[in-house]
Amino acid sequence: MISVTRKSHFNAAHRLNNPKWSDKKNEEFFGLCNNENYHGHNYELDVTVSGEIDEESGYLVDMKELSDIIESEIESRFDHKNLNLDTEEFRELNPTAENIAIVIWNILREKIPKKFQLSIKLYETPRNFVEYSG
Amino acid sequence: MISVTRKSHFNAAHRLNNPKWSDKKNEEFFGLCNNENYHGHNYELDVTVSGEIDEESGYLVDMKELSDIIESEIESRFDHKNLNLDTEEFRELNPTAENIAIVIWNILREKIPKKFQLSIKLYETPRNFVEYSG
Amino acid sequence: MISVTRKSHFNAAHRLNNPKWSDKKNEEFFGLCNNENYHGHNYELDVTVSGEIDEESGYLVDMKELSDIIESEIESRFDHKNLNLDTEEFRELNPTAENIAIVIWNILREKIPKKFQLSIKLYETPRNFVEYSG
Amino acid sequence: MISVTRKSHFNAAHRLNNPKWSDKKNEEFFGLCNNENYHGHNYELDVTVSGEIDEESGYLVDMKELSDIIESEIESRFDHKNLNLDTEEFRELNPTAENIAIVIWNILREKIPKKFQLSIKLYETPRNFVEYSG
Amino acid sequence: MISVTRKSHFNAAHRLNNPKWSDKKNEEFFGLCNNENYHGHNYELDVTVSGEIDEESGYLVDMKELSDIIESEIESRFDHKNLNLDTEEFRELNPTAENIAIVIWNILREKIPKKFQLSIKLYETPRNFVEYSG
Amino acid sequence: MISVTRKSHFNAAHRLNNPKWSDKKNEEFFGLCNNENYHGHNYELDVTVSGEIDEESGYLVDMKELSDIIESEIESRFDHKNLNLDTEEFRELNPTAENIAIVIWNILREKIPKKFQLSIKLYETPRNFVEYSG
């Protein structure tokens, strides 16, 4: 059992808001993050794949393939986007760092072979991050 | 002549757009950064003040005072804001990293005693930054 | 099961010394860290809370609340202090990085709801750190 | 149960190549990493030791001793070396980051007391790393 | 006058050696860096361009264009190469960090418009770097 | 003209205090930093040497020699020390980051050949630093 991790990143705008709550409750609960005009972050993403090494190649996974999956499935989907307005995933779902991590994990889980475990670490800022392993 | 630098940060949404250009030209020139729904960044800001040390205190400036100025003048103005919509400074001015750095420098220049030189370093992402010294 | 981590920091002096040992043994065992006049560190602290996401808010915990707990319970207690002289916790206990991590974990464990797991990562320098999960 | 981690580093050249494969297959599979003239990396290594704290000293392990083991067993062996040509370990074994991590773990496992668990984190670049715990 | 900086990177093998010196002198002077089988580094490169902001776009330079120049002129030339064997630039010239920085500056100077000043910062390791401005 | 920089570090305790001021004034002015029992920092030091490259070696200076000077002159003097109590330099002089940087520069200036320019960057914490060039 060994793990490899690839770092990537995307820049996006978002707003925290629960459409089932009143505007007043959203503002009280989410504070500045509820700004109706959005704010944004440089999201830094660590994708970790774990499993058994392939003895012939000495690779767990081909980092180039992993990197390509992250680029086509995550970066191209979320980079330079407004998460609330521009993405299917967060039209209904509140784009907290926790929910973004879960969404990313679910997308990648479909693309990473089942024999591997998958973990996600998502930095919303250099000072706070979320981890999710399914 | 000695310099002290204080790091701070704010998270904001923005969109690059020149209102005097056609939509087509803006889209071609600014690419993804022109997204009409905005994207965002964690801006990391280094403020550098230079001058002569005060021999009595051993300080160039009181870092707490410098930190308070940055918080009240820059962080509270730009943090968790949409630069294009929520701020006076960028209602007309295109919020490129270059223009944000110049705006920040001009704001701080008013608040930092004239006997000191002032320089700004603004990271738009961990991979690119702007420097401005007036 | 998801985890969120918040980074914080405090600057403190300390000295490694076991009062039950002779001065000679303390000096031989702890070397430079035994300096009777103290030395110090910028302690960087990662606090990780794990549990089930709150579906309504999309938060695991409110980062602002977590941040406030860390500030009032840890930073205000240890920042700009001499751990050996100024704190109850290390009057008898040797302030190794390991013991500081355990003390911090015990303090925070009282303040973080029991339904959450708690982990601590404490950097004594950028080159060595301790992890503790109870 | 507590963990301490020590960071260290070594700079080395390597080439990814499976001698049982044809040159063509190696080139196709490993791409630029197969360059017959080698390329290189600054490997950054985190060594994590876990176990029970020694109540008398307040240490899990003496960081100086751990640091000396890493220097004598890993840095002196691999630093400023060509992994394929200059080291016994990779004369037959393909020096992928995964295999280097496993080799380092096996070397250190012999030198770290059995009562401790051992984990390795090896950065091949600032953007990708491998973790191995035996 | 404003500056923008773009970070990039390449991984390469090299060996420090002055072909006009005896093997003995090279070994004594360059020590481990003279290893005839090469060692390597992750070179991290900051390219800084300075000049007058373009008032219409709000850019000093288009970061995408700058990034493309760095990729086509520097990364594709040096990444995953043996500097001594695979590159014209260092067939005769000793690939010290200083000389690599000067070579990179000279290459980029040809490609960056003359109205801009150009500076280079080249990290050979996270602990040492070279700066060159022509 | 080219510059090379070497990073190093030392951990020390200190207290900010002007012995010519009253206790009350010191406490008001320096706040937490005036704690009579000291606090401490991991000081991270960048030493930059600038001048003309030696064409024969391709070095500006031998990094190993520079590193040895920093270790013998700065690290061994200040590491794991109480700056106020254990060092000649700060027995009378208030050990602000500014004064520490000036003292380090003056010590190194004596040891670095006169043909080179010398600059110092001293991080007191990861969030603030001082620069001094004489």
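First chain written, first letter: the chains are A, B, C, D, E and F, and each begins at residue 1.
Here is the rule we use: a contact is a pair of C-beta atoms (placed from the backbone, for glycine too) under 8 Å apart; a residue touches a chain by one contact, two chains touch by 3 or more.
Just so you know, these numbers come straight off a predicted model, no measurement behind them.
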Item to check | Chains contacting each of subunit C and subunit D, listed by label | outcome: A
Next on the checklist: Just to be sure I understand the contacts, which chains border both subunit F and subunit C?
Outcome noted: none
Next on the checklist: Over half of the residue-numbered contact pairs in common: that is the test. Which of A-B, A-C or C-F passes it against C-D?
Outcome noted: A-C
Checklist entry - What is the chain whose Cα centroid lies farthest from the Cα centroid of subunit F? => result A
Checklist outcome for this item: Distance between the CA centroids of subunit A and subunit E (whole Å) is 34
Next on the checklist: Counting only Cα atoms for the centres, state how far subunit D is from subunit E in Å.
Outcome noted: 27
Item to check | Euclidean distance of C-alpha centroids - subunit C vs subunit E, Å | outcome: 41
Next on the checklist: Can you list every residue of subunit A that touches 2 or more other chains, as numbers and ranges?
Outcome noted: 126
Item to check | All pairs of touching chains, each written as two labels joined by a dash | outcome: A-B, A-C, A-D, B-E, B-F, C-D, C-F, D-E, E-F
Checklist entry - Mind pulling up the subunit B residues that touch subunit E in the complex? => result 16, 18, 20, 29, 31, 93-99, 101-102, 126-133
Checklist outcome for this item: subunit D partner, complex, touching residues on subunit E are 9, 11-14, 32-33, 35, 37-42, 44, 79-82, 85-86, 125-126
Item to check | For the subunit C and subunit A complex, residues of the former touching the latter | outcome: 1-7, 48, 53, 56-60, 63-64
